[in-house]
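The first chain written gets the first letter, and so on, giving A, B, C and D; residue counts start at 1 in each chain.
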Amino acid sequence: MPANFAPSSSELLRFSPELILSGAGTLLMILDPFFGKKMPKLFGHLSIVAFILAIFGALAANGDAGPAFSNLLIVDGFATFFRILVLVIGILAVLASYRYLDRENSETSEYHALMLFSVAGQCLMVASNDLIMIFIGLEISSIASYILAGYLRDDKRNNESALKYFLLGSFATGFFLYGIAITYGITASTKLNVIATALNAPGVSLPMIGFAVALMLVGLGFKISGAPFQMWAPDVYQGAPAPVSAFMATAPKAAAFAILLRIFMTSFQQSATLWEPFIWISALASMTIGNFGALTQTNLKRMLAYSSIAHAGYLLVAVAARSEFGTAAAMFYLAAYALMNIGAFGVIIHISGKGEKHVQISDLAGLAQKQPVTAALLTVFLLSLIGVPLTGGFFGKFYIFHAALKANLVWLSVLGLLNSAVAAYYYLRLLVVMYMQEPGEVTNSLEPLTPGLSAALVLPAIGTFFLGILPGAVLTFARSAAIFTR
Amino acid sequence: MDPSQALEMLKNGVPTSWYLTLSALLFSIGVAGFMIRRNIITVFMCIELMLNAVNLSFIAFAHQHKQVSGHLFTFFVMVVAAAEAAVGLAIILTVFKNRSTLNIDEINTLKN
Amino acid sequence: MYKLWLIPALPFIGFLINGIIGRKLPKAVTNLVAVGSVVLAFLWVLFVGNQSNWGATPLHAHYFTWIKSGAVNVGWDYWVDKLTMIMLMVVTGIGSLIHIYATGYMEHEEGYYRFFAYLNLFMFFMLNLVLAGNYLILFVGWEGVGLCSYLLIGFYFVKKSATTAGNKAFIVNRIGDFGFSLAMFLMFTTFGSLNFAKVFAAAPGKPEGILTAIAFLMLLGATGKSAQIPLYVWLPDAMEGPTPVSALIHAATMVTAGVYMCSRSSVIFLHAPMAMEAVALVGLATAVFAATIGLTQYDIKKVFAYSTVSQLGYMFLGVGVGAFSAGVWHLMTHAFFKALLFLGAGSVIHACHGEQDMRHMGGLRKYAPKTMAVLACASLAIAGFPGTSGFFSKDAILTAAYGHAPWMFWVGVVTAGMTAFYVWRAFWMTFWGEYKGHGHPHESPWSMLGPLVVLAILSLFGGVLFNVPKILEGMFPPLHEVEGEGMLMGISIAAGLLGIALSYYMYVVNTELPAKITAALGGLYRLVYDKYRVDEAYDAAVVTPLIEGSKAVLWHGVDQGVIDGAVNGVGYQARGIGGILKLIQSGNIRSYATWIAVGAVALLLALGAGGGVK
Amino acid sequence: MNMLDLVIALPAIGFLIALLIPRAMDNFIRLFALGFSLLTFVVSLTLVMGFQQGAAGQQFVTNVVWIQNPEIHYHVGIDGLSLWLIILSTFLTPIAILLSWNAIQDRAKEYFAFLLLLEFGLVGVFAAWDLFLFYVFWEVVLVPMYFLIGIWGHDRRIYAAVKFFLYTMAGSVLMLAAIIFLYTQAGTFDYASILDQFSTGKIVLTHLQETLLFLAFFLAFAIKVPLFPLHTWLPDAHVEAPTAGSLMLASVMLKMGTYGLVRFCLPMFPTAARENAPWIVILAIIGIVYGALVAMVQPNMKKLVAYSSVSHLGFVVLGIFTFTQAGLDGAVYQMLNHGISTGALFLLVGFLYERRHSLEISSYGGVATAAPWLSILFLITTLASIGLPTLNNFVGEFLVLQGAAQANFTWAVFASLGVILSACYMLWMYQRVFFGELSEEVKHHMPELSLREWACAVPLIFMMLWMGMYSQSFIPIVSEQNAKILHQGKMSSPVRAMAAVQGVNNAR
């Protein structure tokens, strides 16, 4: 054993994104005393560089795919896909944050460092092959985001959001951890592939497996904000700073789905009859609660929070399909969802103004007349969220329901698609307000888009169209990455 | 308890299931405490109780499997719990600073 | 070969010229185009007739495929035989006369060019109707004349009563067309074709039930166009149109289309005896019914309108009892004398400066003697005075009716008496006594009187000149000989004379008598005077329920209430669910934790137990 | 790249260029949109020129892979069914643009761009030969129409726009489910291949599956048609939409539904189609009568025309589900007829609205005195709409009713009632708007037609006469295609006696 103690170079390479990110995060904190006041934007630039480097790292690691650190980590297509996804989300979140932090006169170094740490945790999660590693990654990601949720210390909404997120998040983590413990108890291992084989062995206590699965589902269900563990999401997203909400609604969720898929498609694949009905019910409940809850909202962020619950429901449909194709569909959908959601939040950042005073739907009134391009971009995201063809959201839904129908989940598909028709209603409301009402106070005094925010809107829009018109490349990659489910 | 059984137990050590039951009880107390206590600090302590209950399970299982990894996990969990405590208390502090209350029921402005 | 298309094309060209640039043309040119095109068409008909032995050997012409889909293959076909020839002569001949008359009558009207454009368009469609070689082309003309009738009734479109009458005419006719089109559908499914030749050739072999159904549906169509019970109600209102229109369309030509169609389809009707009986009954009932109304009216055009309905009933009686050629004969003679009556009435109205109420006329023989003379000819003809045109055709019908069922003859005779009475009643009221109107009545110009004289000659001698049953011999099966024809003739002559005499007594000799009779009859008189309140009954039974029902039940009830209510209700419910979710989303951390815990316990129980039973 | 691709691409290119034109140059945008749509129309005419009658299968085919996984093709082509509908779209778009010339001043750029996008979607829907591609175009059409109603509509435009969108969406998601399900069975979205697999028995559906799939497609199409009782979005959408929106909506978009029925429901699910035909036909007939009755009591001109569309489209659905050659041909022809005549009605109502700024019938009267030519054009259109022979609608209605009579005479009887009622509501409206005394306020707002308005109306009137007098220019290729559909579905032998006659004729 001692001979292997020093990590090999390929192990380091496979671990490079996390190293780069945590290194960069530390660097930012060191640089803070020197540049914190003078060059607040520097930290954003640096973190973007770090993210880009990490993307290269992740790609390089993928070129040398394989396990690392005695199988604690595994770099495969699946891990790479999600690493790149969360890293891209990181970049977009940073781009969307410049203007926000500037407006709030907030410190930037800690913010970006936390962002980097959080993404590092997510990268670790998605590449883990061990429940304990997953737990650690999850906590790195979560703890950083607890702070981010309450980043503006003097803002009451931020406080409350952070407190709720923190308390409920830790509560749920407790369940998840208990589930890990029981799994360990049954199988004497926390390695995902070992667990899978051990569970197949005769004499395993079935109720115990049930308990383990149930407890893990509680924890993961919370992280993905799937029903009935979705209740925190609207409050937290509403209260957190808008760029953080954008981030939280996408990156941790993507990572959580990644580990949900990985755990349940490898370790608990054999016990699918146990958990599949729950996923089915949770999917339907999430879609329904999310969509119907969003119908009556007047706060933009809160509405998007409900919508994110609904989207978690669609994703759970893909999980319920329990197939390679379903996994690929979920991956594709997460990518499309991340783009459109960040884009939509980006517009909220743009209009909200100092102290986030303007986050009501009515504040969008007449946006199309004052800033037609901004309105057009938001239209693209909303159409994608509705699932109109030629946008990524459409193909995402299409792949998911395709996978579901392939798995004979006919009723779930029909109900899900009907749900998406309900969803159209509240997204359309935004279009109505933007295009069909006269400009109000907010839109009349709106400042022009800043470069960073423009990039945070235009890039997702391009991505949304790319996924909507030429989804083949991404889906092919996702499918090749999903072969681990075989 | 039958004296002979007690003797047997002393010889083999307390059965794992007892530890597990205790762990489950502790965990449940933690969960229940979270639901019924109103002071945020207490609620946070309940979370710690839940984590430590899980630690007990880990150790019991490690003992059962005769493995060292289970023990190691508890250290990870403790580190995580410590980090959580640091962050959590900071958050609780800012809440108290802004609202001058630690009653969890009063932190409910974000709703519906 | 004979360029049959030229016959309708000529008036159509007239329509195009007057319709498109008529507003900018001087009146003389408009006249020339309008009258010229119809006269040319008449001349062309004569030419074709002369060349083709007057339709003794039928002519066919196929111009182009109009509608083709699968087995449905309808061409734009024309077909000319003896029957068509008679119709062509009547339509173009009388049409020409009325066009000439109208140039005088309409001289001072606004929209002069528009009037003639419509009139020419009418000629086009009417000629299509009679030239048609299949039922669908006939239907084109059938609907087209309906359109022109609508336009011309509503010619004074500023007047609400005129446009309403136009609408009524079109819509009531549509009800008839409903029957006609169904007849065509059934015909096509039965025969696989709508061509006259094919249908008539195949008809004898088909089941009587289907033929009867077809015949009944055609009868429905005919009652609409030819103003028979129950769809006659539009014709009296149609008198809102200018008088030449009443003469041409609502007396001489269009309204006889139903009779033409039934005669044309004689093969089908002959194989559907029940339908024949129905035709006779409808005709007879209409004849009596309309005649009784005619007895009481004071508006001179209304009198003649009901008279038209009644006379059309006669024609249907003829057709119904199998005397097709007698029906067609009466169609022709009726065209002569009824056109004359209307045009004469127009001349009278013209003389009285637009007055139509006979109670405000009287004594016109001093002011308009020429008009009186020609009207006397027409009145004699319609009363069946021996030797006049009406005498021959009416007698032919009544004789055939006697052969079919004697009671029909007697009813017909009574009707003939009434007819004579009310026509002469109008005559006396208009021309005898003292002038009771306003202004100074005057005689009409020669452009109006000329055609009247021609029509008067035709009314008197048309029956002798054109012996239709003789001409059409061989087209329809012969009727049974009836015994005592002479006596029957005598009875009908006597009825006519009696009617004339009675009217003379009541309206010239003893002018107090009508008022006494009216008073004696009381309610019955009012009922008849109010046209049996059929319009009111239709309104109450059909029109009002339909409109009010559509508004209250269908639109507000079903559409806005049930369907949109359900749709909006779904939306409302959805928001309601959203509201419940809001309640659950209380913002309280402990309640959220409780939900998580409840979810966890449920999952543990379900999966733990589920694991147990695996 | 053939002419059809060009016809699809041109509006899309026009849309993108229009977006780039600065908003201040709105007169140029108008000219640009008009020019581009006219160009598209001219190019689309080459499709008619190059269309080979009697050739098997579709023509002007382009089939390239669009997306690898799952394999989705850009597969377009036309046959006798789609050719005229594409021409109808390209024919009406320039008219729609021209008629909005002055009416739209606010945000003209977006407006004309959306019209071009709409044209793109419409042409695409009728040309798509890949189920997925069809669905994409189907949804693409929704977006511009939603904005056209919502931004440039009248008072209750938002309600109408959202209702329109949600109604259609609710139907189309079920269709999407059905399309995906078919894909899981057939492994392809290619329509030709799916049909082939059906006919060779490679796809075998259970009875329940076939029925459910049929219903999923049917519902999406029936909402679009709209078939009673799913029609209530239509009056709202029509009343609130700007004139060009109503025109495109009534003339072309509703045809997407009926086109879908003929194109997809009948060939793919012949058994289910036949089994469900009785109640569908009953709904269609109810729609005919009901639409007419409700139209009769409308105080608003556009609403009246909207309900008349419900009635007219009932004829189309009736024709389709008679499964007879005449019925189907008539139905397709009636789609075109309705496009022309109802389009013209909306156009002319739009002219009135531009003059008087009211859609209420009661605020008019005596227009015939003030604007005789406008009244005459309106009269011709009215007559076309009520099915006067020699004008276009008659031919379609006649064939549909003939088909219905062949299938079941009772259907023809009840459906024919619609012919009576159509005369009632149209003439009644015509009387109240155009006849009567000319009031002062109408007089001052009622100039005669302008040159631009003539240019909009004359092509439509011309088409009414042409299609009414010489349907042979249009029907044969439709007929040929329908014969194939009936044959494919093995439905060409209704139980009635006519079958024999028809079969013999078809064989000839």
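Keep this in mind: a contact is a pair of C-beta atoms (placed from the backbone, for glycine too) under 8 Å apart; a residue touches a chain by one contact, two chains touch by 3 or more.
Every value quoted in this text rests on a predicted model; they were computed, and no experiment measured them.
A.B. asks: Quick check for the class: compute each chain's Cα centroid; which one is farthest from the centroid of chain D?
C.D. replies: B
A.B. asks: Based on mean C-alpha positions, which chain is nearest the centroid of every protein C-alpha shown?
C.D. replies: D
A.B. asks: If you average the Cα atoms of chain A and of chain D to get two centres, how far apart are those centres in Å?
C.D. replies: For chain A versus chain D, the centre distance works out to 44 Å.
A.B. asks: So how far apart, in whole Å, are chain A and chain B when each is placed at the average of its C-alpha atoms?
C.D. replies: Their C-alpha centroids are separated by 28 Å.
A.B. asks: Please report how many Å separate the Cα centroid of chain A from that of chain C, as a whole number.
C.D. replies: Their C-alpha centroids are separated by 78 Å.
A.B. asks: From the C-alpha centre of chain C to that of chain D, how far is it in Å?
C.D. replies: Roughly 36 Å, centre to centre.
A.B. asks: Do you know which chain A residues sit against two or more other chains?
C.D. replies: 163-164, 167, 171, 234-235, 425
A.B. asks: If you look at chain B, which of its residues touch at least two other chains?
C.D. replies: Chain B, residues with two or more chain partners: 31, 34, 43, 104, 107-111.
A.B. asks: Listing for chain D: what residues touch at least two other chains?
C.D. replies: none
A.B. asks: Output every touching chain pair, sorted by label.
C.D. replies: A-B, A-C, A-D, B-C, C-D
A.B. asks: Which of the residues in chain D end up touching chain A in this complex?
C.D. replies: 23, 67-70, 107, 110, 135-137, 139-140, 142-143, 146-147, 150-151, 157-158, 161-162, 165-166, 169-170, 173-174, 176-177, 180-181, 183-184
A.B. asks: Which positions of chain C touch chain B when the two form their complex?
C.D. replies: Checking each residue of chain C against chain B gives 582, 585-590, 593-594, 597, 600.
A.B. asks: Going by the contact rule set out above, which residues of chain C touch chain A in the complex?
C.D. replies: 571, 574-575, 577-579, 581-582, 584-585, 587, 589, 592-593, 595-596, 598-600, 603-604, 606-612, 614
A.B. asks: Which stretch or stretches of chain A touch chain D in the complex?
C.D. replies: These residues of chain A touch chain D: 368-369, 372, 383, 386, 388-390, 394, 398, 401-402, 405-406, 410, 413-414, 417-418, 420-421, 424-425, 428-429, 431-432, 435-436, 470-472, 475-476, 479.
A.B. asks: Residues of chain B touching chain C in their complex?
C.D. replies: Residue list for chain B touching chain C: 31, 34-36, 38, 43, 104-105, 107-112.
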